[in-house]
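Take this structure first; my questions come after.
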Amino acid sequence: MLEFLNPMLRPEWMISLLFIGALLTYFAGKVSSALRTTFAIIFSVFVAFLVFLSGSRDVLTYWRPSASPMGFRFVLSINALSWFFALMISMVSALTIVYSAGFGKNTEKDNAFYGLNLLLMGAMLGVVFSGDMLSFFIFWEIMTLASYLLTTLAGKRAEKGALNYMIISTAGAYSILIGMTMIYTRFGTLEFSGLASVMGGADPMFLLITLSMLGIGFAVKAALAPFYVWAPPAYSEAPDSFTPVFSGALSKLGPYGFTLFMYGIVGLPALAKMGTFRGISDFGYIIALLGSITAVIATLYAIAQDDIKKLLAYSSISQLGYVMMGIGIGTSIGVAGGLYHALNHAIFKTTLFMGAGVLIYTTGSRKLSDMGGLGTKMPITFLTMLIAIFALAGIPMTGGFGSKWLLYEAAIDKKFVLIAPLAFIASVGAFLYSFRILQSAFLGQLPERLKGAKDPSPLITIPMLFFAGLLVLFGIAPGIPLGIIASVESYLGIPALNVSTYSVYLGANFGAYNAFTVMTVITLALLVALALFFIAKKSRKVGQTDTYMAGEVPEHHVDLYLHYSMNFYRPLERIFAPYLRNRLERLYDAFGSGYELISEGIRRIYTGDVQHYVYYVMVFLAVMILAGWWWL
Amino acid sequence: MIAEILVLIFMPVFVSFMGLLFMGIQRKITARVQNRIGPPFYQQFIDVMKLFSKRENIGHNWVFDIGPIFAIVGMLTTMLFIPMGGFRLLSMDGDLIVVMYLLVISGLGMALGAGASGNPNAGIGVMRGLTLMMAYEMPFVISVLAVMVYYHTTSLAEIVGMQSGMWALIILPLSALVADMALQAQFGKKPFDQPIAPAEVATGPIVEYGGKYLGMLMVAHSIGMFVEAGLFIDIFLGGGLLFHQPGIIWQVFNFLFWVLLVFALYTLAVLVNAIMPRYRIDQAFVFYWKWPTIIAIIGLAYALGVSVW
Amino acid sequence: MVDDEKIVSEDMGVQVEKNENMEMRSFGTVKRWATKRSLWMVHYCTGCGGIELAPLMTSRYDMERFGMHPMVTPRQSDVLLITGYVNIKTLKRIIRTYEQMPDPKYVIAFGSCPINGGPYWDSYATINHLDKYIPIDLYIAGCMPRPQSIVRAFEDLMDMIQDGTADGYMRYKKYYEPYKANQEKIFRKWW
Amino acid sequence: MVIDPTLMIGVPLFIAFLIPVSTFINRKFPRYLAGGTILFNLILSMLLLDAALKSPVVSYLGGWKPPFGIVLYAGPLGAMLALLISTVSILTWIYLPEYIEGGDKEKFYMLYLLLTAGATGMVLTGDLFNLFVFTEITAIASFSLLAYSKGKDEKEAMEATIKYMIIGSLSSAFFLIGIALLYSVTGTLNMADLSSRIPHADPRTVAISMMFIITGLGVEAEMFPLNGWTPDAYTGASHPVSAVFAGIVVKAGFYALARVIFSIYASSTGLGIMLVFGIITLIIGESAALRQTDLKRMLAYSSIGQMGLIITAFGMGTQLSLVGGLYALLNHAFAKTLLFMSAGAFILSLGTRNIGALDGMGKKMPVNSILFTIGAFSIMGLPFFGGFISKIVIIYASMDAGYMLIAILILSASVIELVYFLRVVQRIWMREPGDSEVKKASNASIISMMVLAAIVIVMGIYPQAFFRILGPAAGELLKAIGGA
Amino acid sequence: MSEQEIAERIAKFPGADVEVLRKGQIAVKVPAEKGHDAAAYLKKMGFAHLVAVEYVDWIKENEFELVYNLFSYKMKMRAFLKVRIPRDKPEYITFMDLWPIAMTHEREAHEMMGIVFRKNPNLTPFILEDWKNLPPMRKDFDSRKYVKDKYDSIPFAEGGEQ
């Protein structure tokens, strides 16, 4: 029935549709806000549907520009790997646009907001669909620019965060450019397909340099250990309805880059040539180690945050550390775990940031200690965020556990005794800070001013419910996502995972995880518990402030001293405070101000006194003549 | 197949019954330590009966009710995935990592319910519980990792199978020692019972739970006792399988020996509980992340060395 | 001292299930036995009797033999021990704690002060007859009863529970209005 | 009819001297006369470019053959630069009236025409001495234009002019010495003859003459040690004049340097010097701009930096790097002129050159802010703008030529550039404006700025059109190096 | 420093009638208007700690007696500064400038005895529950009558006899 869409299933169609859509939405906004929002939703959802339909059959499009000096052609291709990431990105961006339409605040900035959102979606799809290095770099730069402009829409508070984000990601993009040009000059071709066959032969030293240059660029985007400095301020200061895309979809391009270049182009055998450690490449091991270290550090920071968006920002960095750990461990289980966790992270982080947006919209403040007791007032938001937090913490009832399980299997199978404990501590820490959100925002005492809080408009809750439903579905049948990932792995040349709908068979001396059995046991146990619950007398519901306070009556006007959420993990913070004094931020600032001093020195060269200038010219001439004389 | 299902049904009933019995006996032992007569050994059953027969149960909201329900669900599910007393139950479908994450469900449910009660004491209690969990997870994970690395598998059933010759306790004594220290906090016994400290935070999370809620929590705790002890036994004490000859009699002996082991472990924890005062929460955290972690790392290094070499 | 104009909203207070026709339903002998054999108590040690409870818990008298256990929160306890003289301010807290306890709940008053005000009967602040405000199941006479008499009192309470005469909580529900009226005579509606 | 480059130079010169006479007809006449000639020059240069793309147009002044007569050689490079010069000067002519206040306008237009004629002459000439003559004309015109600003910043302009004159005269002196040395050795002044005779000449004097000429022209092309005059010149000049400086004068000066090194000397040491000093100029220009608080001074240092980038690109000497360098030259000419114009609009309405006063201008002068942002984004090299394409081509070229360190330095310099431009752009868009009312820029200036912005965006989105011209232009320069 | 020496030093204060009660305790009677200066004098001497402001109801002499219980840590000596004020209009100045804690003691004296302390900002109701009656510590307040008509008048909730 949808055959008529077939011609549209080509990558250049989707990207150009989005770019045109961006312009149309921007100018439609000048006319009427309703038109602009509908345009934005139509374009994004339609393209997301197209991406979904396109499936993972290989599609290649060539376009040779007429008079380019370097004589090459642009290539756009859909393959298993790019389709998997495109699915993730389009799903998150489309539904986030629907989500932000629900807020309905109509300011001049909204035209720019929706236009840039579509542009960003197009750029991200461009990066993922690009078949050659130059289009990859061009779309990468467009994506950085679009996300930077979107961050600046948040106004004064986002100024420092946006500038830092732009500087560090441009530096990363430039290191990618250098890496790419090194490959281009060595092999003469830009297209990934051409490179894949040739790259294997290169000498390990060359491979190391190029991969590390590219790696720096992708590590910046994936907020890996030394480069995550830009992430917390950027994620938390960006506009509330943009952060889901920022941390949900945008951050996935780092891992995409790593997977593409490490396994898609260089390939496992060539990586192995660079030295192996217990069966996996040294390069991969370093990335895995960096990933797990990032996970722990970011978790310790996240536990101490009171601002909900900053907390979620640190949590995204730590979860991305997990993804990088998975991709770093090159075995089929490791990469499957990494990719599956990237998908899970895209879903539950988007839901969490959407929920955070709703909370900030209802309570008007970003501090967790100002919220409280919204669980009963906003049940849908509470339920969706609860499921997302279950996935974040990796509770077996949701999809989140599957990816974490695969990561641990991979780490333990290869006896990585440094990565596995770090990962586990980060996961327990994840459970701590995710519960902090629940406790501060949804449980505890409901303050007087939030009495009127209720669930937001359906436009907001539908995307959140969709994502929550997806997480539960993955909890029951992890086979669906793992099936796609298996096809991606076979495309990348890694031995694919043997997957059935409910469980994964890893091999002889591995544990097993049958999601179906776990879920059935949980439901049966639930029935038993409910039965036990309903045997005894029905419980009588009492008011919220009717709690045991040593007989004291909580005076009504003293609103929130009953709500324990300020300094929730004070003892922990006190222990970790000496080690967590933002050393990395201070290092970056020192580097920045150091350079300012150097440039202050340089500025002094231009003294403004013409004698000096003449003196410079004469010295230059004298040196030149001597050099000329001596040389020739 | 029918035998399997029967075992699956009766095991939880047996475990909760024995759990309550052991808790009663432990109260008697603690009393004897304090040189007093102490309650009858079946006191725990009376308490549970009284709690369930309360004529009025006071609850706050539906999230408050979920607390105890989740606690029981978490413990029941975890229990079924741990090989107990010679029976493999469902441990073929979920390995050690699944079990470690399933353990978290009951803690999470309790935290949710306590938070929903709106009492600040509950909030503080939950914070202490989570901090304590993070504290003892570090050494516990490293010691369990040592075993997994040594036997090169994550499946509990296989670990139990491989220990038929020699218990892991003998091969990796340090890891076993650290795991036992962590067990003290998992049971929630004295030096590490900050979350439910009666004097400081009025029994922490369960301050608003009375009547049937408290009864359900007590049942959950009894199952929990068997889960945590059972986990330790499976990893370090060969799943309590002393006699390996075939035949029903040996299986019965094994089962009884396993029950004895659980009782022994729990008594050890209770004896420590009877005499030790309570740490402050940050002292407990620093305690767990200092010496037990160092010992666990040494054990891990040893296990790695032995397994790789 | 509570200033007058503070309007206390409805859900602030403790709702007690008011039904006048509360009679002794057949409250199963087993249930009564279980309640009898595991009495958890929260003790209101404002008066001088609180110190008498310490020897009860320690090895000499060991009330745990009867399954009794000191509990911290009213939600988990069955018995409220008023261990001394009661004045206006402490009466407020006693009433709130009493109402937060789930049924079936019993009250034991130690010493002579709750009976008739004891030596402070003529003070402007002392509550002379505590049972005008909350139903008391059992009094222990003596200007601070010795531990033996307290154990004896607990045994009596157990017998009363067994044969169903300890129905203070039902009387509170039955005569809820008069009790509340008396309480409001002492201090304005503060909860 | 045959397109004769001499018309493009002769007509503006003739009319330039006609202007003072024309004031007697009526007050307004000089402005339209100047505008008319520049328009004529624009059309002519378009036609010249078409012709030059097919085959280089050569014409002899006064009919005499090379060794004596002066030859005008208009290859694709020269024609393209002539087109660039006339477009920039016509757009500045539109932008002009609002910013030149006071007194005798016709003198200004005379000098303005002189400047355009001189620059066009430099670009089209094939004779070395003729190149010197036109350089002198441009220099004189730019001295007087620099000094031409009445009102409160007159003192600053005067000081800048003096500095520029001193260094300018020094540079023309060295240029002349160089030519004299060359003439003494080779006996001819025609570039084509020179390039054929230099290999047989005495290498030592050739080298020395090259050094002299490089120093002379280096001053015009803002190479590192020689560009002392640039910051004061740009800040001192009135806004349209600094725009013209960035757009025409420096470009012509650089063209002269490139023409000399590539087609006359064809020497690798010359390229090496350009490469080394280019990269130094880039780093120093960008770093100095980082700490500026004065908007125009920041733009001045940024233009030094960009010129450094162009010099480096040319210094690499491969076909790809030349295309990249030319693309960067075009982008810089248009974008920098746009930046100076919109900065002028800001400064005129705010009254101060301090960057701090720019807070929240996005709300008060939205159109001007958008134009400033487009200019800034293009210089920074962000996608959708010219700078981006030039950056990619230059980096590919430098890696191709094996200069990996140069590529890294270029990229880090552009990161620094990103920092100080974004600081200004963010100040404009993301801060709350003060409450003082602000005079809007006039429509004329907005139109000229919009045209420039459009060109820059087209350069970013549809680069093929420009590559079609730049390919043969780069080939022309290289061919001379490759062989006769 | 023995009691006698301290007593002589206090006696130097004009109009102070000093008497050593027993080891470590000295009583100082001072006329009402000199009370504040005497207190300042004693504080300078070393009596840094105002333990309490006690109040005695001499109903027969129709006077209230305010006893300022001062203690000196250095000399380990307690001094009772006694001041008499008329009973019908009991007013006195506040000692808050010397000892800030005096505010609470004076607040209690005001509630229990009805003595008004000028310039004490916080003479609001303190312990008693909305008290409409005579200040209770006064001798002419009949406590038994109050108990009879406040508490005994309340019927037994369940209708039992008195």
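Going in written order, the chains are labelled A, B, C, D and E, and every chain counts its residues from 1.
One rule holds for everything that comes next: a contact is a pair of C-beta atoms (placed from the backbone, for glycine too) under 8 Å apart; a residue touches a chain by one contact, two chains touch by 3 or more.
Values in this document were obtained by computation on a predicted structure and should not be read as measured data.
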item	value
Reaching subunit E from subunit B through chains that touch each other, fewest steps	2
Where subunit A and subunit C overlap in contact partners, by chain label	B
Reference subunit A; chain at largest CA-centroid distance	E
Most widely separated chain from subunit B, with each centre as the mean of CA atoms	D
Which of C-E and A-D has more C-beta pairs touching across its chains	A-D
CA centroid of subunit B to CA centroid of subunit C, Å	37
Between subunit E and subunit D, distance of the C-alpha-averaged centres to the nearest whole Å	95
Averaged-CA centre spacing for the pair subunit E and subunit A, given as whole angstrom	72
Subunit B residues counted as touching two or more neighbouring chains	53-58, 202, 207-208, 211
Where subunit A touches two or more other chains, by residue	540, 542, 544-545, 548, 550
Residues of subunit E whose C-beta touches two or more other chains	none
Those chain pairs that satisfy the touch definition	A-B, A-C, A-D, B-C, C-E
Subunit D partner contacts - residues on subunit A that touch it in the complex	65-70, 134, 137-138, 141-142, 145, 152, 155-156, 158-159, 162-163, 166-167, 170-171, 174, 177-178, 181-182, 184-185, 595-596, 598-600, 602-603, 605-606, 608, 610, 612-614, 616-617, 619-621, 624-625, 627-629, 631-632
Sites on subunit A touched by subunit C in the complex	540, 542-546, 548, 550-557
Residues of subunit E touching subunit C in the complex	125-130, 133, 136, 143-144, 146-147, 150-152, 154-159
Sites on subunit C touched by subunit B in the complex	17, 27-28, 30-31, 34-35, 37-38, 58-59, 62, 64-65, 67, 71-73, 75-78, 100, 102-104
Subunit C residues within the subunit A interface of the complex	6, 8-15, 17, 73-75, 92-94, 96-97, 100, 190-191
